[in-house]
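There are two complexes below, and they share chain A, which is joined by chain B in the first and by chain C in the second.
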Partner chain A sequence: MSNNTAQKQPELVQLLTPEGELRRHPDYPIDISAEEMRGLYRDLVLVRRVDTEAVALQRQGELGLWASLLGQEAAQIGSGRALRPGDMAFPSYREHGVAWCRGIRPRQLLSMFRGVSNGGWDPHEYGFHLYSIVIASQTLHATGYAMGVQRDGALGADGTAVICYFGDGATSQGDTSEAFNFAAVNNAPVVFFCQNNQWAISEPPERQARVPLYRRAAGFGFPGVRIDGNDVLASLAVTRAALQHAREGQGPMLIEAFTYRMGAHTTNDDPSRYRVSAELEEWRSKDPIERVRTHLTNEGIADDAFFAEVDAEAESIGERVRRECRELPDPDPLDIFHEVYAEPNGHIDRQRADFADYLASFEDADAEGVR
Partner chain B sequence: MDKRGVQEFRLPDVGEGLVDAEILQWYVRPGDAVEVNQMICEIETAKAAVELPSPYAGTVHELLVEAGSTVDVGTPIITVDVGGGGEAAPAAQARQETEEREKPLVGYGEKAAATRRRPRRRRVPDAAPSGRRPAGPAATGPTAPADPAPEYRAARPGPAAPNGGTRAVLAKPPVRKLAKDLGVDLHEVTPTGSGGVVTRDDVRRYATAAAPSEPARPQAAPADEPAGTPASANGGAALREERIPVKGVRKHTAAAMVNSAFTAPHVTEFLQVDVTKTMEAVRKLRDRPEFSETKVSPLLLVARALLTAVRRNPQINASWDEAAQEIVVKRYVNLGIAAATERGLVVPNIKDADTKPLPELARGIQALTETARAGRTAPEDMSGGTITITNVGVFGVDAGTPIINPGEAAILAFGQIRDLPWVHEGALAVRKVTTLSISFDHRLVDGELGSKVLCDVGTMLEDPEAIALAWG
Partner chain C sequence: MTTNLTIGKAINAGLRRAMESDPKVLVMGEDVGKLGGVFRITDQLYKDFGADRVIDTPLAESGIIGTAIGLALRGYRPVCEIQFDGFFFPAANQTFTQLAKVRRRSAGAVTVPVVLRIPYGGGIGAVEHHSESPEAYFAHTAGLRVVTVANAVDAYWMIQQAIASDDPVVFFEPKRRYYDKADVDTTADLGSAAPMHTARVARPGQDATLLAYGPMVKTALQAAQADTEHDIEVIDLRSLAPVDYDTITESVRRTGRLVIAHEAPVSHGVGAEIAARVTESCFYHLEAPVIRVGAFDTPYPQSRLEEHYLPDLDRVLDGVDRAFTF
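Let's turn to the complex of A and B:
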């Protein structure tokens, strides 16, 4: 069956080829300055470096888990940079690149994976919701939020748009279909951004769907488009257009970013058990960063000094992430009781007192028990 | 976090909730310089084989765990001298320091923490069950039986004082049974388990240590044991059986075999074949320049014969899709070769073996078996097989009833080649003879097809030159 799918692989929107050549697209024009191009390159390199460091920290016992974004930098940075400050993003758990664009610092991301925070940031402050581990649950949250935006009357050319990130695996969840339908029926200002990284843990796309994912939107009554998810410019231009479409009250849109998860699903996973290395090699030639670098070089808009500077910055960020991760303070064990109800609650107070007693029952409790 | 001197790195839990891992190999040796994040070793857990990056930059001081051994999460595996002032603390000292309780790192999971249970303050038993005592300096006093948090003996190896029988011994029922069977009084055993629990190993260790010097404790001897059993027999019971944890390749093999044997109805057929001409062909091939660098064995010709038989009988190269209720006939052949290795049975396969010319097939088989013996077979090389050959002849036997590799329809076993009296061209002669056997999944392969494939392979091996053209 996979052969069939491969033969019927539809056209995708691509503005920057793997060889670094710029291509015009009639529907998605892009006007980008040299400064912006260099900025995108810097984003891509730095988030990859943060990601690499996080994987190493997990292997050294500093993080409980990490979901690597390796290979998906362009899809995330392009769409993340298309967002305006007032927009709201609902991520899955791999959107470290989008988080970066929203101004969330790596140590905030790491705090959840280290288990010292239940979230890591204030979603309202950054316009970036907390990571959702439960697959596809955020599609409904995003749709609900978008319907709220609509009811607040915050639409228009300068209005608010919502973007929801999920993976190919999430499209097999009922939540996604419900979200698509609610968003369509209510004309909600939400962009569904699906990173099809070809592997839902160990399940390939042909075991997820009979038709290309972007075409699913048509059945619900809204537009869908497939983009080259390794092309940061396609991701930027198409997301920008879809967000504008949404914020102007024209309803939802589905973007399928066709990309590839170069690493494991998470640090718990061993992809060599279910996929062949030839596939990895093929996608390596479509690397999202390499093509931008080639373009910058060929067009003469960046020189060796620039690349060296970005590399040096990446190294220093890697070191900083390592240091900050180890310095993350452990939370007060009693904090969990504060975060259940906004107002005092007798039952929770009793549990808190019991637990405080328990902690104080250790001989060394004064040293480090209750703070 | 300014760390100086000798730092140790403890085995982290690289998955969620793993308790141990095997060190497959070290990439560094004592004295080597290492950078932060430089890969220092490869480990295999129940979930994956992964490489571990060094958290320190410096010089490798000591490898604390040998390659090939399985260690618990939290065990120090390497020390690195990070220099930077002060004389390097000896590793022993570094280890001793970490004996003291420190915050478990995130990825070390619960197990590491649980082995160092924090001592609790003693409490005076409280009459009012709901009463809550402010946690102040703890009152001292005898531990009451009703104490909800009894104080356990520190779980530290060493000469912990035997209990003297006044306190209940902590042990799980199977361990109590073992102790009873071995005639061991649990009160005498020094516990090493978490929270002062006597473990199976503690009992065995005690039994083994006690056996040569002490007579068996008659009152504790099993009732059905004849009186006057020599002490050594009693203590030796621990040595009469060895319990080997089922894991890694063994576990995988067991699951695959059970799955196959009890899912696919197996039929096995046998055929004796005169392979004298095949042996001649092997000799001739060895002299050909294209095989000068490659090992040519009869297995190569068996493989080629099977590939040709598959081309003529594609249905044998198929799998049963229970969920879809479909038979999947493969138009490619990923030829599995079963290999006995130190780590157990592995069945790597040669992808698209049917498209490979003979020299390439020979190189493929050689590379695959060498990789397998070195224990370096990648998981992807073991998946996706479509039909398999197992060379039982190397063990010096004639034939077997092989179990099909799960997901395939047939497996061909190739026995040893022996000089046997054989009727050749109407007269008795001494010929090179082997036995081929094929097991097939009767759900999708009937006796007719299975026999046809087996005969086809046999015919080709009896007269390899006649079909030499087909060998490409």
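Let's turn to the complex of A and C:
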């Protein structure tokens, strides 16, 4: 069953075409210096390199799992660079590019996928919450946090805004609808940034929704816009505008970044079972990095030396990621009991002590040569 | 100075005092604003603290607890009212996968001092989903503290302790006892109250220990009174997670018998866990197996049958009698 009217693809905001040409948009003007443009290119290349290395590390058994961001670099770097230091981001589990923009080190991300931690960073230090694995759960946390920002009186031109990342699949969860509604009725300063990468593991958008996702917002009473998610400038400009809209007290906004998951859902997935390579080829021609490189070249704002320098930096980061991943220490067994509770809990303390004794009994046995 | 308060009014007074002493304390839930909640537990708070601190939420339990987590991440102390026990379940994911775990996930970087207030238990002649005792689900979940109260004094202090705790606390309110009264010294310091995780000997005795919590404490005290043959000690558990085993084992080692009564179904319940642990730690002191008295392992029945379903005075006495047949 199909509905042709609903399936007709709407216009999306695009500021940099796949051919590397700048386009003006009346609602989203962007004034970007050559240096900023080169900075975005560098970000894009480096996060792709980190991602490539992480996939390889999983293949070699160094990581238990990895969720690749391949193809979604522009959506993440553009929106991530739109954030101010005091803003707060609530990620899903694929936002390695946003994490990069917030100053999270790759090894901190890898620690979760290697299984040595469940998080790996202090959300308050980076303005970047922990990865959320339960789909859409973070949409409500972002909304509640934004309600707290309102209560702190932290709105205004220099105020605080919140951004929440989630995917096309997450829009089917009740929590997303509840978050949209709580944000709307409270006029909370939160930007909902949906990366529609066309695939929720094996399910395409038509299995998730009958209307384009950005239109969901209208039903809840706030603006929604679809952008070219492979265009770093559109992502930057539209997110910047939405964050400003939020921080000035005008309420939530939904951005649907129309992009494509070029890799598998995770390293455990086999996309050849459910999608055709022609689709991949079509999206490869819209690559988020290539168009920036073309633009830099055509405009003469980067030369071969610059590109070589970024490539060298990428190689050195790849090597560093590999080394740091292997150096991540296994946690102590008694870490199991660590920070389950904030306040003393005699029950857990007793279990920890019993388990420590149990472990020590093996050491005693070893010392006595019993084993 | 003491005031004679119902359990409901005591919780209300405790909420008010917590809100007065800490501007970060918020109350949120369905109908908690102008209405004061369907049981009026938040009565007058909206008028005195305003809509920013007493938040009438959309009718969505997952949304309530999910946004409360976000508010807590921003430094607030939200107290969420879940209107009835049976309405909690849409929020199960936010509670069990997020609220309970986010602190450990962050290795202690994040604190989520959220309180869930849940009126629970039966005996009010209600329609389905308004009479349940789901406490075992919560007590089984690491990262949550679970408490319940049986009198107005504990209601007044323990709601404040729950709010002051940096851990998420599930606060079960015995809805059929909301109107039970007691004298409460509302001028004392919070620090003078017994710690939230401790059990309380509600009635000293020598021959058997009868352990109950929440709405069943009153029934247990009545049973102890009614049993003229034995000197029954009654323990009000108060904290279901963690359990104060020190108080329980001290009592059982003296009396040699333990009967546990709760409204929830017996199988896999709070009583089952306590029975197993007491058997382990007090094996040579026990004169009889630990007896559990609770509801049947069936869904809560239509209200015309609830007097048969809920363990009443006679069922508790029957349990005590069984403990003396060994």
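Definition applied: the second predicted complex is superposed on the first by the 356 of 371 C-alpha atoms of A that agree within 3 Å, B and C clash if a C-alpha of one lies under 4 Å from a C-alpha of the other, contacts with A are read in each partner's own complex, and residues count from 1 in each chain.
Following the convention adopted for this analysis, a residue touches a chain if its C-beta (ideal position, glycine included) is under 8 Å from a C-beta of that chain, and two chains touch if they have at least 3 such contacts.
Everything numeric here is computed off the predicted structure, so don't read it as measured data.
With both structures placed on the common chain, the touch criterion links A:A34 to neither chain B nor chain C. By the touch criterion defined above, A:N181 lies against chain C but remains apart from chain B after alignment on the C-alpha atoms of chain A.
Look at A:G61: by the touch rule set out above, it reaches chain B but stays clear of chain C. Contact with chain B, but none with chain C, is seen for A:E363 once the two complexes are overlaid on the shared chain.
In the overlay built on the shared chain, the residue A:L130 is in contact with chain C alone; chain B does not reach it. Using the contact criterion defined above for the overlaid structures, shared-chain residue A:A308 touches neither chain B nor chain C, since it reaches no partner.
Within the superposed three-chain model, A:V211 lies out of touch with both chain B and chain C [touch as defined at top]. When the two complexes are overlaid on their common chain A, residue A:G346 makes contact with chain C while staying clear of chain B. Shared contact residues of chain A, touching chain B in one structure and chain C in the other, are absent. Of all residues in chain A, only 53, 56, 58-65, 114-115, 264, 267-270, 272-277, 322-323, 326-327, 330, 353-354, 356-357, 359-365 touch chain B in the complex they form. Across the complex, chain A meets chain C through its residues 117-125, 129-130, 134, 137, 139-152, 174-175, 178-179, 181-182, 185, 338-343, 345-348. Residues of chain B that touch chain A in their complex: 1, 9-10, 12-16, 36-37, 47-55, 101, 103, 105-108, 118-121, 123, 132-133, 135, 138, 149, 378-380, 383. The touching residues of chain C, when paired with chain A in their complex, are 26, 52-53, 57-58, 60, 62-63, 65-76, 78, 90, 93-94, 97-98, 101-111, 113, 142-143, 145, 165-167, 197, 241-243, 245.
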